[in-house]
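Note that the chains are named A, B, C and D in the order they appear, and that numbering of residues resets to 1 at the start of each chain.
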Amino acid sequence: MSAETMSCAKALNAAMRVALTSDPATFLAGEDIAVYGGAFGVTEGLLADFGAERVRDTPISEDAIVGMAVGAAITGMRPLIEMQFADFVVNAMDPLVNQAAKLHFMYGGNVTVPLVLRLPGGGGTGAAQQHSQSLEAWFAHVPGLKVVAPSTPQDAHDLLLAAVNDPDPVVFVEHKLLYREEGPVTVRAALADVDGGLPGTAVRREGADLTIVAYSLTARKAEEAAEALAEDGIDATVLDLRSLRPLDLGPVIDAVTRTGRLLVAHEAPGPVGIGAEVVAGVVGSRAFDHLLSPPVRVTGGGTPMPYAPALERANIPQVEDIVAAARRLMAEDD
Amino acid sequence: MARLDPKTPAGARDALRTMWTIRRFEEALEDLYSRGMLHGTNHLSIGQEAVAVGACGALEDGDLITSTHRGHGHSIAHGGDPMRMMAELLGRTDGYCRGRGGSMHIADVASGNLGANGIVAGSMTIAVGAALSMRMQGTDAVVVCFFGDGAANEGSFHEALNMAGVWDLPVLFLCENNQYGMSMAQDASTAGGSVAARGAAYGIEGVEVDGNDLDAVFTAVQAEVARIRAGGGPGLVEAITYRYRGHSKSDRNLYRTLDEIEEWRTERDPVDRFEAAAVDSGRLTVDEVDEVREEARAAIRDAVGRAVRSPEPDVSDLVDAAYAQVPEHGR
Amino acid sequence: MARLDPKTPAGARDALRTMWTIRRFEEALEDLYSRGMLHGTNHLSIGQEAVAVGACGALEDGDLITSTHRGHGHSIAHGGDPMRMMAELLGRTDGYCRGRGGSMHIADVASGNLGANGIVAGSMTIAVGAALSMRMQGTDAVVVCFFGDGAANEGSFHEALNMAGVWDLPVLFLCENNQYGMSMAQDASTAGGSVAARGAAYGIEGVEVDGNDLDAVFTAVQAEVARIRAGGGPGLVEAITYRYRGHSKSDRNLYRTLDEIEEWRTERDPVDRFEAAAVDSGRLTVDEVDEVREEARAAIRDAVGRAVRSPEPDVSDLVDAAYAQVPEHGR
Amino acid sequence: MSAETMSCAKALNAAMRVALTSDPATFLAGEDIAVYGGAFGVTEGLLADFGAERVRDTPISEDAIVGMAVGAAITGMRPLIEMQFADFVVNAMDPLVNQAAKLHFMYGGNVTVPLVLRLPGGGGTGAAQQHSQSLEAWFAHVPGLKVVAPSTPQDAHDLLLAAVNDPDPVVFVEHKLLYREEGPVTVRAALADVDGGLPGTAVRREGADLTIVAYSLTARKAEEAAEALAEDGIDATVLDLRSLRPLDLGPVIDAVTRTGRLLVAHEAPGPVGIGAEVVAGVVGSRAFDHLLSPPVRVTGGGTPMPYAPALERANIPQVEDIVAAARRLMAEDD
């Protein structure tokens, strides 16, 4: 199939359509996903085409939504769940962390828990403290969970299908500001067309001077930052992690070995975030001997997400923050 | 003594003015939003004014409320200053939260508004703790916990009512049943159908009331609050009402008919009904009603005018702001 | 057709044997524990045998159960192999979970035991999902969800019953009310006092039954399961019972009197009662009763003997074991 | 007052006694803490001395327990909450993360949330997957929360009093295997006797060859490991973090600057754990230029915690694992 231009929201929608069409064990559930089409319109039109049994509006009961998905997953279904905002997953941590993540191991390998939990997160929409969080670091810390975070429409599409195919519980991190971002997408014909397992780190740009690592919306910002840096004659490699657990560090280590400099950026808070893991993983590797200067993190979340636009903006890493940090990093060993 | 008594002319006037203030406040927000001056989203309570005003009017000084994402009406009815609320929504330093919280987080703890909350049912267990706190501190204060019909399906609802029940706490759970969650009709989301009836599960006798009838809300809440204040244990009131606007800004009303909305607006509007009742019963004259309307309009015009002149916060405001006290080694 | 019918001699024999098997299994655990052969903790169901056996006996092949931290009885009653359970408790490779899960996590999903669960109320929402799954797959299976009286105060209880209610799912919530959580008396923890009565909040007619009367449990569960299988929507049964042993190993019984325990043991023991009833009604002779007891004792002796010879797992067992499939880049 | 020998459990109990005696705003709540004395006996005897109003048994309702504490804290009380096992905090993530952590900032600085949440965590007791977790990394990731993790009886005592004094919500990490560990404790006379704020990193041992950083039970293991290493002529500095948020990295950076080698150990899973933050913080500092070899992490949690004793042991860092890793680290640049 040839590529068409579509938004991330549409690419996700198309992936759900593929899943629902090609596997009768799949179904969708979540708050306001059916009649309303989802708080961000991602599931629009699916009720009409697949019916209320497979596209299920739920009560406002996050614990039951995810617990229900666990029960369905261990008995032969493949639930695809939308948490209306990532922030509400706090109400479903037991089924996610104590159940979904553990059952395969805990029950001796005798069950699988093939569920996908979509988490629309991130700030920049003026929704403030309780509707703007990026909580992926928690899930990447939990053995038994997989965590992915696409940044392009094609990846959104393919990773969602790969996640549905996966026998393990997958936390699918979405950034609300990506939904309207457009790009070329080749829509897959069937679930089976995406069968390579969950993909790892993607190289978005190759450059000799420094390595910028990011994921989700911030990966797009990193690409923009690299363009700006190129105008200054600074040539950056940009890597998009895509999978946060397992973390595909190989390409990061390769790139840092070449460039000698590492900058990791994400919107989630810095302390004990994905950036810490990337830095620790890289300096604990053979890349250690090639490092020219201390790895740098550019992160958000110094405070809970503020409402006022100027404060909110300051609490989220922007393109210029990445550019400035990269410049400082380059200057350090001049 | 209750803060207002709508059965008296003065109380009726106060109640009507507050209802109009809420409505005008929400309308002002719609206006600012359409002019691109508001960011984020907000949840308007137009159509639900009688619940907030009737309930908060039945409280006494020192009583507390907890509120929800749809909380502008609660805040105003509890005595909040529309200028400071508007400043909050505009993200200005004069806002109740210095512009940090926005629509879903307006709070004024000092005056007993423990806060709006962006998490559905998120304030229900907080209300339980506040009630315990009031009792441990030897006050006879009552906490009114507003929540929506959708919230009644959260686990927090259950744990909150049970804990309040076993500890016999002075808290009134007040459900604003506006028939829908974000899009889900209450009867599709709520097994058993009734929120008030769920009280029995916790030994609480639930009370259902017409939430668009201010006098009825006032009377029901006043009776419950008195019972609770006297040590009778927690209460549960379900006020049946309706929201006219979409859930939030992105709503296309796919889940209900325009006829339904129209019927509630024209047949059961709480402000219209109270005006008629007040005039019928001789509490207010038609002229007084017009006056009150004008007062509310002027008050909101003034609030907006002052709020837009409030300064924007500076990013330096964020330094160490997540904590009340940062240890030396944390700086 | 139900797996056993305790009203027939053969069914009575099966039921009694299973009750004794459970009791002997638990006693064997106490013995192993006191000899230092068991690590961790465990929660014994001695005194509650009639609930597990009566309820699971009323099920049909293909029906599912979810269980709790106090789940040995459920597992045996649902057809679990005591040797594999014992091997699990000993942390051996022949255990149901290959020694990885231990007492609180025995599961045999293939045979319809979706698992014990260390989280109070943790399996209630899982039961809802399994029931949905069964319906979507076109089976007429029913899921029985065991839970404790203490679990009825968790938010998960509420969300599970509500969701099952609005979706009309084939799940029977079966409360084993043994009067206490870990130490908290049910009436001190549970506003309203009754778990069965909480069904009304979800449009479910709760049924209370004497949980120490096997015939009564069987009859009540059989009726509910039949109603549910026919599409009647979820059910709720509260079986009143009692645990003789401490909550777990560290319990000093500070929260109840020895008299109370003694009274339940001597006056209302479910095994004694069923033996007497079976003999009285002519279903079993006294000799048969003795035989059955001996069968259970021998079965457990044999199970323990084989389980202790099962190999211990090797740490190589942990490699990649958290996942069913590890992507290349994750190795 | 002079020191007496007591266990961590007793030291915590004594701290609660001090708090209850010296501040009428304090109260305790939790599952089975009153009549039963707590699942681990930590609150034993307090009901008898302070009564059921201030030592409260709760229903099994973790969400309400913590939410109640938030409501009490913002209205003038100082609740001290026991989560029966750390693992159950999954049921209270909304009140903890969306409420307690955010209210001070979100409500414009106009409220404080002085609550303490005690989390008995960790493995080694045969309690398996759902009763053995170490979840502190999650909380250290959340702006608005403070996180402390004592390893000695005196620290347990003092940190608990400091936590009660603190105006912010404090997650108090306890390891179940520490409860019976004994040490000298000077019992404070009043809350006010611990008024220096939450303390930071403690130096447990000074050595020139490498720096071992740990916290909670693993800090004790690190000390033991250092003794074993000393017999080999390897002289380790051992640092006990005590506070995980804010993280007191100063002493770590100083030590690594001197020793050139860093080993971080903890029982929680490695990916996106506290160890990652320590490594990333150190390599991002002036210590970078002094590093002689790649920093190393020794962590647990490769799988959910297994039940069988041998498997459980293998999933938790033991003294010999720290020793072996330290030896490898020393060998690397020989």
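Definition applied: a residue touches a chain if its C-beta (ideal position, glycine included) is under 8 Å from a C-beta of that chain, and two chains touch if they have at least 3 such contacts.
As the structure is a computational prediction, the values presented were derived from the model and not from experiment.
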- request: By the contact definition above, name the pair with the higher C-beta contact count: A-B or A-C.
  value: A-C
Statement: Interface repeat test, B-D vs C-D, A-B or A-C, passes over-half contact pair overlap for A-C
Message: Rounded to a whole Å, what is the gap between the Cα centroids of subunit A and subunit D?
response: 30
- prompt: If you average the Cα atoms of subunit B and of subunit C to get two centres, how far apart are those centres in Å?
  reply: 45
- prompt: With chain centres defined as C-alpha means, what is the inter-centre distance between subunit A and subunit B in Å?
  reply: 36
- prompt: Taking each chain's centre as the mean position of its Cα atoms, how many Å separate subunit A from subunit C?
  reply: 40
- line: Residues in subunit C with touches to at least two other chains are numbered 97, 99-101, 105, 117-119, 122, 153-156, 159, 162-163, 166, 188-190, 321-322
Statement: Note: subunit A residues in touch with at least two other chains are 58-59, 61, 63-64, 87, 91, 94, 98, 101, 105-106, 128-130, 143-144, 247, 302-304, 306
- line: Counting only contacts in the complex, subunit A reaches subunit D at residues 87, 90-91, 93-94, 97-98, 101-102, 105-106, 128-130, 137-138, 140-144, 245, 247, 268-269, 271-277, 279-281, 283-285, 288, 291, 293-297, 301-304, 306
- request: Going by the contact rule at the top, pick out the subunit D residues touching subunit C in the complex.
  value: 31-32, 35-37, 39, 41, 57-64, 87-88, 91, 125-131, 302-304, 306-311, 314-315
Residue numbers on subunit B that touch subunit A, as the complex places them: 39-41, 88, 91-92, 97, 99-102, 104-105, 117-122, 150-151, 153-156, 181-184, 188-190, 250-251, 254-255, 312-315, 317-318, 321-322
Field: List of subunit C residues in touch with subunit A within their complex
entry: 64, 66, 95-101, 105, 107-110, 114-115, 117-119, 122, 124-134, 136-137, 155-156, 159-160, 162-163, 166, 321-330
Task: Show which residues of subunit C lie in contact with subunit B when the two form their complex.
output: 153-159, 161-166, 188-193, 197-198, 200-204
